[in-house]
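Have a look at these structures, which come just after this line.
Next come two complexes, and both contain subunit A; in the first it sits with subunit B, in the second with subunit C.
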Partner chain A sequence: MTLALILLSVLILGSAIVALSLRNLIHSALLLVACWAGIAAFYLWAGAEFVAFAQGLVYVGAISMVVLFAVLLTRQGTASEPLGFASWQRFILALVAGGGVAGILVGAVLGTPLTVTTPGPVPVLTVKQIGAQLMGPHVVALLVVGILLTVSLLGAVVLAAEENVKSPEDEV
Partner chain B sequence: MSPLQLCLLLSSLLFCVGLVAAMARSNAILVLLGVELMLNAANINFIAFWRYGPNPEAGTGVLFVLFSIAVAAAEAAVGLALVIAVYRHQKTIRLASINRLKG
Partner chain C sequence: MSAYAMAVAGSEPFLERAPLLLRDAFVQLLPAPTQWLVHHLITIVAILAVFGLFFAFTTIAERKLLGRLQNRRGPNRTGVPQFSILPWRFKHTLFGLSQPFADAVKALTKEDIVPAAADKLLHFLAPVLVVAFSLLTFAVLPFGRNLIPVELDSALLYFFAAGSATELTIFMAGWASRNKYSLLAAMRALAQVISYELPLMLSVVPVVLVAGSLSTREIALAQGGWTFGIIPHWNVFTPWGFAGFLLFLVAALAESNRSPFDLPEAESELVAGHLTEYSGFKYALFFMAEYFGLTALSGLGITIFLGGWQAPVPFLGFVPSYAWFMLKLVGMIGFFIWVRGTLLRLRIDQLTRLAWQFIVPLALINLLNAAFWSLTRDWTGALQLVRWVISAAIVVGPFVLLGRKLNAGRAPRTYRYATS
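Moving on to the complex of A and B:
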């Protein structure tokens, strides 16, 4: 049980680190798909099957495609120009800041006496229960999420659409 | 070390990987992906506390993660549309060279 968690952590963290340090954007996007799939496997491990499938559909399926499309649409001729001094300096500063945050967080996690030391059985939460919760106490949030998704998709189309496109009928 | 602590350590380290990527990379798409990783780390925390918390039958963590994934999808769509719009005006997605307000 713990061994599986450690293996999953190594997979997730390793693919995330390699993905975000590569220069080739396509390789980064594909490795991040592996990272998101690992996170979905973590949700399966923790017993949240519905969330795992949502993660698989949304991240591995949809967001990865959007990212790949964005990478292809913003492709530049010379992808690998040499790193300058400014970017190395910024990288080292970011590493110091991130390492500091990591140290604080790890220290806090290890130093906190967490009361739950003996894990109970995997809690069962069926899709029916999740649906009842979503349509019962959380129905307002569900509607707001629906509106948010609609508005954000329309906004994305408006932002990414070409301006001043003349349709062929206008020129006749 | 309990499994809850392992989960929390995993999410902390994933958060920091995303943070370093968002601060260090100069490519706008990679910065967005770093932000996505940070969001995923927060979701891992929700699931971990739901799994090892005192009252897992309520399912609050699972519902929170579902809403969070929906908001993350909206954010990714708008963010990548912004990247494409910026690329069309400035012909680059290097954040250091995008320094004009007027396209």
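Moving on to the complex of A and C:
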């Protein structure tokens, strides 16, 4: 079990590090997908079957496509060249933004009480129980996520359907 | 106690248990530490062997059936090769049934061309990954009462997670070729596959709602039994199940790039689209993956709509369950070949319009229909009839209304010919 965890960590961290260091954006994006697949495998290792497959479906199947399309549709000319240093203002802003996110994450990790207990009997969670939890006590969160996704979908449609050019074939 | 242990201990017919007994007899021969590994390896090898052969004979069946549909004979010459060490020759051509093996040898020995500018690694990885991902989906299909490779509580989620990963390989194939036409074709193919993934999943959700489980085994088991001893309790014999099955068929055809949705390849116009720069065995691997995907989707359709491995009538229950599954699979594949020989290819705008304006709304309405069906589970007598009528009305009404609304101003199409 520990060996599997080590292998998974090497896969996740290794692909993430290589993704950051590569110049080719498509390669980076594909390595990011490998990283997400590794995280899905980690959930599987941890016994969270449902979360693992949801991660696979959403990240490896869908979000990877969003990332790849975004890279392809926005790439302009010499994207593979390293970006130059723009200005000190930008540097400081980037530092503040990155530091802020890192601070929040580290604070959250350190602030969570980590109670190390001897491994007891693992509760067997079925998908049915997860569904009942989602539809019962956590239904508000589910609805909020649904509304958020719908709004973003509508926004995408509005952005994409700006110009309504009819093809001459449709006129006939 | 697992299903397997129950099967061995239980009093099921011998044929039902035979594959498991065979596997165990082999596993027992090996030293104890390797037994768990061999146990799983045998399952993998069995899937590879059975569905590899199934793929081979699907290709020959497709070529022969298409030939018959087009009023020609199809391949019928390939017989047994002549071995020079043998003094005699087997003359019969075996109806050309050894054609797929000749095709395999041909594909293996062909030159493998990689474009000079291609991304060599991704160009190589795409066909490998596409076969791997499409094989992964077989893991959760219940091929028989006791024959399910991996029993998962959220099997359907796994199936779609593994299936949607093939989109990545389409992109990899198109991008790694460094050919702008390949890349454009890959984008088109992705637009199609992503458009039809939603209706595919939405057509499956009603079954999950009614069966109350994501496990393929549970869903197949829930369809056991017969009404009046003759009508099986398959999901396809309910109004919502029938509508769901039709929606599933259309979405499955589009997902696996089969005619009439074979725009990504469109051999005659696009020269195989994102596969233009592939040749030899890599090209064959893409086709292998396509057929594996089609077979897996057919297997899923059988499991969730056509009763899985259940026999259609009670008195045929002595036939082992895996034989029923394979028979239904052959029927589904035959149907897909028939569709390919009959229907014309759609245009890309027709394809996406069909998905977003017609199939997705109908699938959502079908979900409501299934909710109604599961809420009225305890209606009996005359109410049962009312339940059927209401459910059928929810299927037919939106279909007719939506179809008329979308067709308004489009059909009948007027053709204008040049006049002298």
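Going forward, the second predicted complex is superposed on the first by the 118 of 172 C-alpha atoms of A that agree within 3 Å, B and C clash if a C-alpha of one lies under 4 Å from a C-alpha of the other, contacts with A are read in each partner's own complex, and residues count from 1 in each chain.
Just so it is clear, contacts are C-beta pairs under 8 Å (C-beta built on N, C-alpha and C of every residue); 3 or more make two chains touch, one makes a residue touch a chain.
Just so it is clear, the structure is predicted and the values come from calculations on it, not from any experiment.
Within the superposed three-chain model, A:Lys128 lies in touch with subunit C and out of touch with subunit B [touch as defined at top]. By the touch criterion defined above, A:Leu3 reaches neither subunit B nor subunit C. Once chain A of one complex is fitted onto chain A of the other, the partner contacts of A:Val140 are absent, as it touches neither subunit B nor subunit C. Applying the stated contact rule after C-alpha superposition, one finds that A:Phe50 touches each of subunit B and subunit C.
Set against each other, subunit B and subunit C touch different numbers of residues in subunit A, with B touching more. Contacts of A:Leu30 after superposition: subunit C is touched, whereas subunit B is not reached.
When both complexes are overlaid on chain A, the residue A:Gly155 reaches subunit B alone and has no touch with subunit C. Subunit A uses residues 50, 54, 62, 69 to touch subunit B in one structure and subunit C in the other. By the touch criterion given at the top, residues 26-27, 30, 33, 40, 49-50, 53-54, 56-57, 60-62, 64-65, 68-69, 72, 126-128, 172 of subunit A touch subunit C in their complex.
Across the complex, subunit A is touched by residues 2-10, 12-21, 23-27, 29-30, 32-34, 36-37, 40, 43-44, 47-48, 50-54, 56-57, 59, 61-63, 65-67, 69-78, 80-85, 87-88, 92-93, 96 of subunit B. In the complex of the two chains, the subunit A residues touching subunit B come out as 1-2, 5-6, 8-9, 12-13, 16-17, 19-20, 25, 28-29, 32, 35-36, 39, 42-43, 46-48, 50-51, 54-55, 58-59, 62-63, 66-67, 69-71, 73-74, 76, 86-87, 90-91, 93-95, 97-99, 101-102, 105-106, 109-110, 114, 116-117, 119-120, 122-123, 125, 129-130, 133-134, 138, 141, 145, 148-149, 152-153, 155-157, 159-160, 162.
The touching residues of subunit C, counted against subunit A in their complex, run 122, 152-154, 157-158, 160-162, 164-165, 167-168, 171-172, 175, 183, 187, 190, 194, 197, 212-215, 414, 416.
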